[in-house]
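Here it is: the structure, laid out below.
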């Protein structure tokens, strides 16, 4: 995934989230608020919760959700070794059908790491 | 999704459906015929059946199926408020993993609505 | 499914919902509240929303959710012909893997219909 | 799974299939007919098709469908070594989430094999 | 879930695992070994990995896998508040379709907690 | 899918597989090795196993896995009629939600067949 694609993905997510939240549907808006609340620190810290979100996204095989939680995990300090252990759980629980998503997850992580060399990390507080 | 992408998606679906139905496999052809029959008016009207098809596609997280049923629903008069209530059921039943598909569904719906301003609605009677 | 099993299923659901809601976890409690709110009348009426909930449960192949929405649909006046059209959408969208759940859904519906002959319908406002 | 449970499962399937097919819903009935037609010999023989049905049921994690196709495979001569290779594909593609279904599949196969010692195989031509 | 059912579940799992591992299929046996290896301490500790296994099982809606990981989590010290935060992630990511599994998970956890009052925790090192 | 896209897909898969296997995570590496071992000839021949892999990928709706197994099946001599019978099992078991993946599978197969006219088949021994 090129840097352009990462930005394109982030922009689309941001634009559509705003469009959805502008709609007068209280259930959808409450769901989005609840989604944000889910990953706040509580009995478990943010890092653990983001790792839970990542492995759940992986076994459900949703590329956008995986990319989102990879970025969030990276921001809260999940290291490359830890990422691969999360991936290993996702792979063993979810099976080889997860492999194409694993490839894209690693590609996205590589992209984040190389971007980091050139610029400080971006903070993003949107949904999934 | 740009107007070009909508056309590209429609063209690909049409071309491949023709290719698949030209094949000498009776099970596949009967399945396609059955799929069409499923959404005909009966005890339930077409609008209700298309809404059922849309929410089912949403929780199963299939973008092409969602786009197809959004277009069908639009044709039979589902309004924007109704769309968002269908989406809210899909979101609550299927969870945050549905969000990326919701974004693309809303984007596709926006595209259909803006196309409508310039031109009359297209009728499309293909599969999923 | 015998009448005893229906009662057992209803009792277990009720008891565990109370136990879960008694827990001090705001995300879980809000999710349950949101789930209830989802099926309230809005742009779409309750009957349509319950039918959406039923077909979504069917393609996701969750017996308890199917049973719950079958009961709710029955209460708001979904007729046997309409039930089978909802089932037909679920079957065609979800495939033959849905058949075992269809069998149990029909068995549950039969049970509800025969119970109705002897006694007035029970009102139940719990989650899924 | 005891011999009683196998019989109970077979009886329930048979009874409900009859009940469903007695209903005046052409889509559902055609789907059942199509399901039967799918496993008839064609370019691929029945044994291969039943093995395909088994592995598909396994990765979709449907116990009843797995049991049905295990019985069908057994009837058309799939041997124990072959069963375990089908299971291995299902396990690797579908992941550890398949393991509980694998346990029940092996238990069901064991049951069929021990029943066979005492009595000739039963022929069953129902759906899934 | 009664104490008898917990024992029955544990016994069946143990007996079938032995039966499966006795079979001469190297892929299946290696998969079981790999599954065990996945949850060993590494860059992430056992507690974190078991929590990852639990949330993955939850969104994939496998009761046996959930029960297994609930028991493992309990053994390595996951507290009730932490359990409910894992459940909240599973619920929000996976949607209301997860609720019936959540009920059974909480029932199983209650059972483990009340068993603990009377006797020391059982150690179990089997698969899923 | 154009010839360029097929090459792009193959290159990305190859590059990311190397990147993943270079990582010091034994579980992930063993999983990849096990995945390769799964499709080796045993009680069932390679052709049968690849067909099992294809139908499993189809009902789980993973385009990359489908494309991979279509290519592998083609290499070991699966004919067009046989492909469509595998597809018919996938379609009937998995439902209309499989149709968009069927379209892309047929498009990919068409592409492989037209490439074959111009050049000898490529051998590829990577993962999924």
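Each chain gets a letter, A, B, C, D, E and F, in the order it is written, and its residues are counted from 1.
Convention: contacts are C-beta pairs under 8 Å (C-beta built on N, C-alpha and C of every residue); 3 or more make two chains touch, one makes a residue touch a chain.
Note that this is a predicted model, so its numbers are computed, not measured.
> State the pair with the higher C-beta contact count; candidates are B-E and D-E.
Of B-E and D-E, more C-beta pairs in contact link D-E.
> So what angle, to the nearest 5 degrees, turns subunit A so that its CA atoms land on those of subunit B?
When the C-alpha atoms are superposed, subunit A turns by 120 degrees onto subunit B.
> Using mean C-alpha positions as chain centres, tell me how far subunit C is from subunit D in Å, no decimals.
27
> Per the centroid of Cα atoms for each chain, what is the distance between subunit A and subunit E, given in Å?
Computed value for the inter-centroid distance: 25 Å.
> Could you give the separation in Å between the centres of subunit E and subunit F, each centre being the mean of its C-alpha atoms?
Chain centroid spacing, subunit E to subunit F, equals 32 Å.
> Among the residues of subunit E, which are close enough to touch at least two other chains?
If we look for residues of subunit E contacting two or more partner chains, we find 27, 31, 34-35, 38, 56-57, 59-60, 65, 81, 84-85, 88, 91-94, 96-97.
> Is the way these chains touch best called a line, a ring, a star, complete, or other?
Graph shape here is complete: every pair of chains touches.
> Of all residues in subunit F, which touch subunit D in the complex?
34-35, 38-39, 42-44, 48-49, 51-53, 55-60, 65, 79, 81-82, 84-86, 88-90, 92-94
> Mind listing the subunit C positions that touch subunit D in their complex?
61, 80-81, 84-85, 87-88, 91-92, 96-97, 99-100, 102-104, 106-107, 110
> Which subunit F residues qualify as touching subunit E in the complex?
Subunit F reaches subunit E through residues 26-27, 30-31, 34, 37-38.
> If you look only at subunit B, which of its residues touch subunit E in the complex?
Residues 59, 91-98 of subunit B touch subunit E in their complex.
> Which residues, counting only subunit D, touch subunit C once they are in their complex?
12-13, 16-17, 19-20, 23-25, 27-28, 31-32, 35, 56-57, 60, 62-65, 127-128
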